[in-house]
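In what follows, structures are represented as structure tokens.
What follows is a pair of complexes built around chain A, which joins chain B in one and chain C in the other.
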Partner chain A sequence: MKTGLTRLLPYILILLATLALVWIDKPFWIQLAIGVAITAITALAWDILSRTGQVSLGSAAFFGIGSYTLAIFEPLIGLTLAWIAVVVVCALAATLLGLLTLRLRRMYFAIATLGFALSMQVLVVVFPDVTGGSGGIAPPVLADGDPRWQLGLIGLLLLAAVALSDTLLGLRFRPAFFMIRTKPELAAASGVPVVRMKIFAFIVSGVLIGLAGACYGGLYGYVVPTDVFTTNWSVLPLAIATLGGMDTTIGPLLGAIALKALEEVARSVIGGTGYQVVYGAVIILFVIGMPQGIVGLLRKAAALAGRRTVAGEKKKERERHA
Partner chain B sequence: METTLLAQSLLLALTTAGLYAAIASGLTLEFGVTGIINFAHGEFVMLGAFLTYFLYETAGVPPLAGMLLAGLAMTALSWLVFDGFLSRVLKQDEHNQILATIGLSILLINLAMIAWTPDARVMHAPPLLPALHLGDVIVPGNNLVVLLVGIALYAGMIWFMRHTRQGLLLRLAADDPQLAVLAGVDVTRMFRLSFLIGGLTAGVSGGLVALILYVQPLVGVDLVMRAFAIVALGGLGSIGGALIGAVLLSAAENLTATFVPGGGSWGYGVAFVIIVLVLVVRPTGLFGSERRA
Partner chain C sequence: MPDTASPDITRRSAQPSGGAILAVEDLTVAFGGLKALDGVSLSIAAGEITGLIGPNGSGKSTLVNTVSGQLPVRGGRIRLHGGDVTGRRPDRIVRAGMARTYQIPRVPPTLTVEEVLSVPLLYAGRDRHRLPGLGDAAAIAAFCGLGPLFRRYCGDLSVTDLRRLEIARALACAPDLLLLDEAMAGLSHEDSVEVMGLIRNVHEQGISIVIIEHLMRVITSLCHRVVVLNNGRLLAEGAPATVLADQAVREAYLGKGFAA
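Take a look at the complex of A and B:
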């Protein structure tokens, strides 16, 4: 069905884009690319979780936990171990939240995850001795503050996220995820380990978002709770994955590029206050006009084109026979 | 002294509970009937607050009348929003439904920021009622108004649901949409009606917000977050549960702020600890039923 080349296309494009941007070395484009890459990682991670039917509004919790874990552990155990701590803490938080929300369906799940994310923000403010409170905290700066290396590292993380997403879309996982999402009882009856799969998806998703958050914190070496725990980081992944096309790898990538580009345009036209109005407008237009996202639209176009060629060939064949 | 503080704290909690109940019951009605959580519900409250504020500050319209006008305006806006696009997402997947109202919420917040700046404003209306003195405990007049109007809104909604024909049809459409269709009920009309009622209560609640809180573009977010907690406590879709949830939440919040050192900064954190705990113990809320998840 899919040829090897189209499957490799996202990897090649990401690699080429990253190398080209590092080569050109224009600060504006590098910052923009870093923004796109970080949001794309969170969107891919959100999508991975949603494939098991868990539509989360709690991404911000992991984003914030990631940056805070790195900042808190780095002075204690050193940089390398602190990055490992990010993975471990995010995995633990994901397991905990996954188990807590296991029985919740649909809207209840969304509200509970949203509640978790907002509670984390409050937790940070309530324990200022550990977290620095609302004044913020200083995670170690990523790649000594060289934007080109930062982009390179975040690009690598994006490649890893793409590879994970592709693996989970492969034959080994996709049918199980699909069954858990659509008919969980049937999945359990046919021997799919529903609980383990759901928690597994939660962990993969949470760790990816946490790593993205840690990178984000390392961009400037300074974060405040309202920066990383904001509901924006919960809504953005959902919006990007949905606008791009869910249950695909390329969808969140396209969505991230489209939305970030739009944001830049809006910021220069409207200014710093209220520029996010375009998010609202675009989301509403998409939900009405193309509920399957960009990928859905492309597929429809491809199907249409395909039908035309098939019809054309059939016509030719008929003419030949006649 | 301790008891005075406790009584003061609980009485103030009771007045805010009136506001919370009015907001949460609109939200829970919309969810109960359509199965959609309206994340933009708080923005309707915010717009109602701005409308009441501007009507008073620029045209001198008394706040009670302004509130009513705000309610009507938000009913009209709800109509527009429902027929314009929400009716189209009713049959779509849940992520699109969530996204649709979140999109609306982002749109309205940012439009408000562009139009009126993110700054907080205070409505300088004289208190609508004299303050109530109960021994050492003082309840400000505007808080009394909030309690009374909030309870009136809530009671009106309960009455409408239980004692009118439209209310009966609404409950039927909420309980079993397929059966409702078979019985000849225009389900889409019922869905729209639930949003109109939700818009009306949100607009009037906005007027209450203008009386006791700052008027600013983000005020709806704060309130709707609490409404979520209340609705989770009371059970999604249960109007009766909303009042109990509102009283519990505002009591918990006020007691935390009064007695826990630094508890005032916890804000809606209290609400969220409650949400997560309740949903874990009873996934359908304290008074909710299993039927719509």
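Take a look at the complex of A and C:
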């Protein structure tokens, strides 16, 4: 059973880190934290979807749709409505993709979502009048370009993602989601409206990634298709959630921190583009070495420590009796 | 009605239900060109335990999968409580009062017994005042002999306990009619005797039951009535002793082994 403190840990972690970084106001650390927060949101969103058995390789599609929707709609309907448009368009795209891939299982689902992400990039280039083509587009700058406020806003979005993830790990959703993943027929035979639940997870996931993408586009007020629709944004959420620990909220958070830290270390030690190879190799080693992710490793450590205390107490007990 | 049930004299029980909780009328289900069910009509009486038997490939599982909404119907009607449920979604059929178990229970290993039972309790949306002893997850688990395992992970359960859990999960749907798909396959003699006791207890709660079973001693000791399928058609129905003594049934299914 989870205690209150472990449940609150992610919220405290995010709040304290964000406040501390805003207070210290070192540009490098703020940029790093923004990167961690955005990738953490996409990883949480990916994990939420995967709990229903839908292993997506299409996160980049929603990431890009988010930033492009904000950029396209802001001049037409204003900033507030454009943000609402991001939510609506991502929800629609998620519903559509969810319905199209409903009957696909595992690998076929992953390939279909990957295809969706790749075709979105092509679509942007094909309609340059609307999207600016390969030359890119200019979304409204987030928080007037003040990195501290940007971090604050993205931190809030991350908190919302954490709260959503926790809600979906509660008794109302977690067992039903897992049952859909293991055997959808069994879920249906238990009264779960399987299609509606899968689409619901897809919408939550897609909207979160889209909002993260819109924030990302707003960091500098300029994005090109290869920036947001790149396969990188499809693979990264999966890698982070796996590295950190799937089916948890803290896992994707720890995974995002670990991965960004690894990236920075590799960049400064190796440099150039060669660092990406080393960085990729290290991720693979980690995933092979700890299939349950960082969270699994911590649980094992906690179990070991627990056993030691139990053993210690038994020893004391014996000594007392002796 | 004569004592020997054979195809020509079998009652085609498409009568509008008075005592029937489930009525299947001229049901046809096909996979491509192969008719797994070919114009089957039968009715399941409320308050009874009905045995559904037949050789492998006779259409037993197809019938269960179809009436529970998991296979598309090519022709015919399915009525539950007299209401048409043909072509309804599985979760809707559960809500209408019919639950089923699976022969091979595949539950998420990282869920506890309590969490598995919470799913039908939350989603089946059935009034449970009718089943006072089965009001919540703990009561249902205790009823099915899973009390001590309530907070255990499903990944740690034995095959027998998984079978019990599967029955418990179906019970948590608060059904009027429960379809049990080979609940005893692969169990030891002692375990199957226990599960039979459990099925009797479920029946005493006022739940009508259909069991698919290969073990004849289970059928003869539990069932009020038996329905025999062969090649996707209704071969016979009636009291167990009568049906099992029928020549056509013995030729199609039981063979020499049963007589010995």
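Definition applied: the second predicted complex is superposed on the first by the 308 of 322 C-alpha atoms of A that agree within 3 Å, B and C clash if a C-alpha of one lies under 4 Å from a C-alpha of the other, contacts with A are read in each partner's own complex, and residues count from 1 in each chain.
As a working rule, a residue touches a chain if its C-beta (ideal position, glycine included) is under 8 Å from a C-beta of that chain, and two chains touch if they have at least 3 such contacts.
On a predicted model such as this, the values are computed, not experimentally measured, just so you know.
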Contacts of A:130 with chain B and chain C, given as first, second, both or neither: neither
Partner chain in contact with A:104 - chain B first, chain C second, else both or neither: first
Touched partner set for A:189, first chain B, second chain C, both or neither: second
Chain B versus chain C as contact partner of A:301, first or second or both or neither: neither
Contact breadth on chain A, by residue count: chain C or chain B: B
Touched partner set for A:288, first chain B, second chain C, both or neither: first
Which superposed partner A:174 touches (first chain B, second chain C, both, neither): second
Partner chain in contact with A:16 - chain B first, chain C second, else both or neither: neither
Intersection of chain A interface sets (partners chain B, chain C): none
Residues of chain A that touch chain C when the two form their complex: 171-172, 174-176, 178-179, 181-183, 185-194, 247
Contacting residues of chain B [partner chain A, same complex]: 31, 35, 37, 85, 88-89, 92-96, 98-100, 102-111, 113-114, 117-118, 221, 225, 228-229, 231-232, 236, 262, 265-269, 271-273, 275-276, 279-280, 283-284, 293
In the complex, chain C residues that touch chain A: 68-70, 89-91, 94-95, 99-100, 102, 105-108, 110-111, 115-116, 118-120, 122-126, 169-170, 172-173
Contact footprint of chain B on chain A as seen in their complex: 50, 55, 57, 100-101, 103-108, 110-112, 114-116, 118-119, 121-123, 125-126, 231, 235, 238-239, 242, 246, 270, 273-277, 279-284, 287-288, 291
